[in-house]
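Common to both upcoming complexes is chain A, partnered first by chain B, then by chain C.
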Partner chain A sequence: MLFEVTLSGVTLGGMYALVAMGLTLQYGVARIMNLSYGELLIAAAFAALWFYSGLAINPLIGLVVVPPIAFALSYAIYRILVQPLVSRAKTRDALEVDSILATFGLLFVIQGVMLALFGGAYFSYSFLAVPLKIAGATVAANRLLALLLAVAIGLGLYLGLTRTRIGTAVRAVAVDPVAAQLVAIDVRTASALAFALGGALVAAAGVLVSMFLTFNANLGVVFTLKALVVVIMGGVGNLLGALIAGLILGLVENYVAVFVDPGLTLAATYAIFLLVLLVRPQGILGRSSR
Partner chain B sequence: MIGLGLRLLTATAVAALAFALPASAQDKVKIGYAISKTGPNAGGASITQIPNYEMWVKDVMAKGGLKVGDKRLPIEVIEYDDRSNSEEALRAVERLVTEDKVDLLFPPWGTGLNLAVGPAFNKYGYPQLAFSAVTDRAPDLAKRWPNSFWLLGTSKQYVDALTGLLKKMRDEGKIGPNIAMISISDGFGIDLSQAARKGFTDAGFKLAYDKSYPIGTQDLSPLIGEAQRSGADTFVAFSYPPDTMALTEQSKVASYAPKVMFLGVGVGFPMYAQRFGANVEGIMSLGGWSKDNANTAAYAKKHEEMFKRGPDRWGSQIGYASLQMLEQAIERVGKIDRAAIIKELQTGTFDTVLGKVKLVDNMMQDNFWLIGQWQDGFFAGVAPQRAGVGTPVVPKPAWKN
Partner chain C sequence: MSGREMLGIALAAVAVAVLACVPLMLGDYGLSLAINIVSYTVLATAWSLFSGPTRYVSLATVAFFGIGAYTTAVFVESLAWPLVLLIATAVSIVVAAIVGLSTLRLSGVYFVIFSFGLAELVRQLVTWFEVNKTRTLGRYVFADITAAQIYWQLLALAVLVFAIGFWIGRSRLGLALRAIGDDETVARHSGIDATRAKVALFVLSTVFMTLTGAIMAPRWTYIDPAIAFNPVISFTVLIMALLGGVHRLYGPVLGVVPLALLFEYLLARFPNHFSIMVGLVFIVIVYLIPRGIAGLVEGAVRKPA
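Right after this comes the complex of A and B.
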């Protein structure tokens, strides 16, 4: 039983991590606190639904098709909407306020388009909802897939950021955009890339989540909030931190649900969040910046 | 060519319209409503409520307008988004009455918002035909606000009907005495689980597992696991649509097939049967349809044609019936006299998709099914006991892959 609860907790945590990884790139590297993040996730979920029920295209193919589109879209959003804010912002704090306001507006635009296209009703479809037996415990294939992808993306991007030249440039921008410029790093391109990559990641999360969660056009904010908790807990800009924080939250939620009381899962989540903020304000793997 | 044709057409339409408008005081009926188009309530509102409003207006206009006295008047609709927020809903209702000067108001979606706007409807004397609110306070509210009608009933009614069913099954030896119950910690779940806790124990059942979970819970497998381990062969969940979907899918994955599986809001949604196919067989929930009612069948068909999806098998038909009642009450009164319309709604007998409806104390009496079960792809009413009731199938068949 302990193993079964652990397994389901890890898969839930994997989903949380997956949902948060894009935001940690956008917020941590591109320095854009994107409040329309969850809306993009829901938009990707709708795209997957439309592929599946409208065109009978396997959501796994959607997983290959949707993220590049989201990448391009996010890149365009960055260049058109965010770049002017970056150029005129005198300080990092000013940029943060401006980006929050701008993406808050974007949230309503994306939500409005989805409401116009799909209405406010709930949507869901069934895909890969088959039980897999792992050492006697049962887990749904679609949820396990989300976990595996979260781990793969987390590790892959971690290696990409630490072992490649462009990854190093992106990290340099995250640490100090001014100093990065001094060593001939194109800060604008690096930031735009990080933002767009974050968009691609959240789209991948949206496609995966649509396989097992019921969603509607209004659900974006739920994911933005969850992602924000995971990002801050794990350390802003740190992919491995997001993975660890997501897993901790998933495990805690399911342990509390089984061994204490399911009514207390939210309280437990925020208690852990508070604890991390008190003990390590910079996040589990975060570096203190100042 | 097309442009010219279109312009001509518009010109004709405008001329025709100008001609049709008589110079009397009332040349149209203004109907206003505030409903949740965004926010957490939007999902329920867009499935159960908004389609009924749009469909009824279309139906009335197809007849040439709303019959008021000896004329048929066109309907003008003013719609606001209450953003699932009770203050916003109240503000919108005030605005509809004082600024837009609407003739009639439609109610918002859900128990909470209907309670929130109740005082305003009452203050201005507008009939409030709530059909998406379940509350045990309904009889008191109808007394305090005689203009309010609580058509979907009380928590106790549903729990009594469910308990009656379970008791019969237990006495026939089809199920054991243990029940596992989970509920969402929000208005609906709290109300119904409280009533059920009392109802079940009074009927001699034992709650082997009884927990609530917060709104927005994304993994329900721990609760399913615990319910499974509790050994109860009846599983009752007072859940919201996203959880109802997740509970069904995760129970299937866990091969958890209790003899009786009762789930909350969402089981009657068209997407439920669409998503789970043959696996919906035997699952019970609130609501239910009559197999032999040609009117509701025609209603469902029309709904499908207009919105590309069927109606909710719980509240939808009651909602459409409430609008038919309003229409007939206006016709009988012969003018927009709201006090007289309320009086007629309280005392009259109406012809609706549900059949003949006569309210007692502003509530429906046995006009619809309280508990339904998916049987051969049809969500059939199985309680309360009256003519046309379906026989519940126990045990629920095993999950198919």
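Right after this comes the complex of A and C.
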């Protein structure tokens, strides 16, 4: 029983980690606090649903098609909506406030579009819903597949950021955008790239989540919230921290849901968040100064 | 007190007297519109009381509004009305103090995120409590309170929030808050207890939001967590305050009146696309009118000089 709950907690936590990695790119590198982030996840989930039940296209193909679209969309959002705010902002704090406000508006627009298209009902589809036995515990095949794909994507991202020139440039901007300019890094392009990459990641997570969770048009906010909590817990801009914090959150949520009460999962999330804020506000792996 | 301020106070008194007669002049529809406008005036002014000088964007308005509404729903049949309002105030002070003390010491973004989720958290806790302990989801609010009485209570609350805002603007607390908003490090070095000032103001501002919710609850007759903690309320208050301008006490009202009328029209005309429309209005305001109507007016007045 405990092993089974732990296993499903790890699959959920892996999903949170993937979602949070995208947000940590957007907030840590591009310095944009994107409150409409989770809406993109739900939009991708709806796209996968439509592919599967409308066009009979496998979600795994959806996983190849949807993230590039989300990449292009996020890039456009950055260039059109965010860039004017970056040019207008005098300080980083001012940019933070402006981006929070603008993406808060965007949240309602995207959510409104999805509500108009799909209504407020819950959706799910049945893909690979067969039980697998692993060391005596039962886990659904789609959950396990989603976890493995999430690990693969996360690993790919990590290698891309640490082993390539562009990845190194993106990390340099995360550390210090002013100093990055001195070594001939185009901060604007790197920021736009990181923002778009974050969008692609959350869309990939959306397709994966749609394989094993029921979702509706209002759920985006919850994912944004959890991603934010994970990002802050792990330390802003820190991929490894996001992974650890994501796993912690997934495990705790599952334990609380099974052993305490399913209605109290969000309260548990908040309790951990408050604890981290009080004890270690820079995050588990964060640096002490901002 | 200068002559100009005396004139302002006299004008405000006349305006309140005229507004107090509104229920006697308007029909049911007009009165419900007026209640809407006054309640949003209190919410938006209370919001900018805290968020204006400190520049902390609070997305938690509806958490407190809902707490107020639920307090009324639970106690209105068993307790006297003033006692209900007193309980609502006490609950909001406790919640706001906990939230404020744990997040306001840190950088602004933690507060934004926490306030963003606070309404969702309170909603889930209330839902959990109702389902597990009282075994009902949703309550009827039967109170012997007429629409006109609700309007007068809200108007009194509006007068109070303006009076307190006016007083804060002239007090040491107001000066301290403006200093914190300009540069917190400098403010701390000049001996201001920044955390205490911020928490005090946050608590004060949420008390008004909670009271608005408590007073408004009898309007609905039936409430459940989804109605009482509807995030659109937080969002609406935020846009109204921004459109009006948060750096002046009278600013939010300038945003409340046009937007309340616009939303009334949009809700009747496009009920299924309301959220898209509101989102677009919001984005337009953030990009084109960042300093609000109050800022535009002041800019226009100053330019010729």
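Assume the second predicted complex is superposed on the first by the 273 of 290 C-alpha atoms of A that agree within 3 Å, B and C clash if a C-alpha of one lies under 4 Å from a C-alpha of the other, contacts with A are read in each partner's own complex, and residues count from 1 in each chain.
Just so we're on the same page, a residue touches a chain if its C-beta (ideal position, glycine included) is under 8 Å from a C-beta of that chain, and two chains touch if they have at least 3 such contacts.
Since the model is a prediction, treat every value here as computed from it, not as a measurement.
S.K.: Here chain A is shared; do chain B and chain C fit on it together or clash?
M.R.: Here chain B and chain C cannot both sit on chain A without a clash.
S.K.: Look at A:P68 in the shared chain and tell me whether it touches chain B only, chain C only, both, or neither; answer first, second, both or neither.
M.R.: Neither partner.
S.K.: Determine, under the contact definition given at the top, whether A:L278 touches first (chain B), second (chain C), both, or neither.
M.R.: Second partner only, chain C.
S.K.: Looking at A:E4, would you say it contacts chain B, chain C, both, or neither? Reply first, second, both or neither.
M.R.: Once the two structures are laid over each other on A, A:E4 reaches chain B alone.
S.K.: Is A:Q111 in contact with chain B, with chain C, with both, or with neither (first, second, both, neither)?
M.R.: Both partners, chain B and chain C.
S.K.: Is A:G156 touching the first partner chain B, the second partner chain C, both, or neither of them?
M.R.: The answer is neither, since A:G156 touches no partner chain.
S.K.: So, does A:A102 touch the first partner chain B, the second partner chain C, both, or neither?
M.R.: Touch partner of A:A102: chain C, not chain B.
S.K.: Given the touch rule stated above, what does A:L35 touch, chain B (first), chain C (second), both, or neither?
M.R.: second
S.K.: On the A-aligned overlay, A:A140 touches which partner chain: chain B = first, chain C = second, or both, or neither?
M.R.: After superposing on A, A:A140 lies in contact with chain B but is clear of chain C.
S.K.: Mind checking 117-125, 171-179, 243-251 or 261-269? I need the stretch of chain B that runs into chain C in the superposition.
M.R.: Among 117-125, 171-179, 243-251 or 261-269, the clash with chain C belongs to 117-125.
S.K.: If I apply the document's touch criterion, which positions on chain A are contacted by chain B in one structure and by chain C in the other?
M.R.: Correct list for chain A: 111, 115, 222, 261, 263, 266.
S.K.: In the complex, go through chain A and note every residue touching chain C.
M.R.: Within the complex, chain A touches chain C at residues 33, 35, 81, 84, 88, 93, 96-98, 100-102, 104-113, 115-116, 221-222, 224-225, 228-229, 232, 261, 263-264, 266-267, 270, 273-274, 277-278, 281, 290.
S.K.: For chain B, which residues count as touching chain A in their complex?
M.R.: Contact set of chain B toward chain A: 36-40, 42-43, 45-47, 182, 185, 211-214, 216-219, 221-223, 225-226, 229, 241-242, 245-246, 249-250, 252-255, 266, 269, 271, 275-276, 309, 401.
S.K.: Which positions of chain A touch chain B when the two form their complex?
M.R.: 1, 4-5, 8, 11-12, 15, 111, 115, 119-126, 129-131, 138-140, 143, 212-218, 222, 250, 253-254, 257-258, 261-263, 265-266
S.K.: Per the contact definition, I'd like the list of chain C residues that touch chain A in the complex.
M.R.: Residues 55, 57, 59, 102-103, 106-110, 112-114, 116-117, 120-121, 124-125, 127-128, 131-132, 231, 235, 238, 242, 272-280, 282-283, 286-287, 290.
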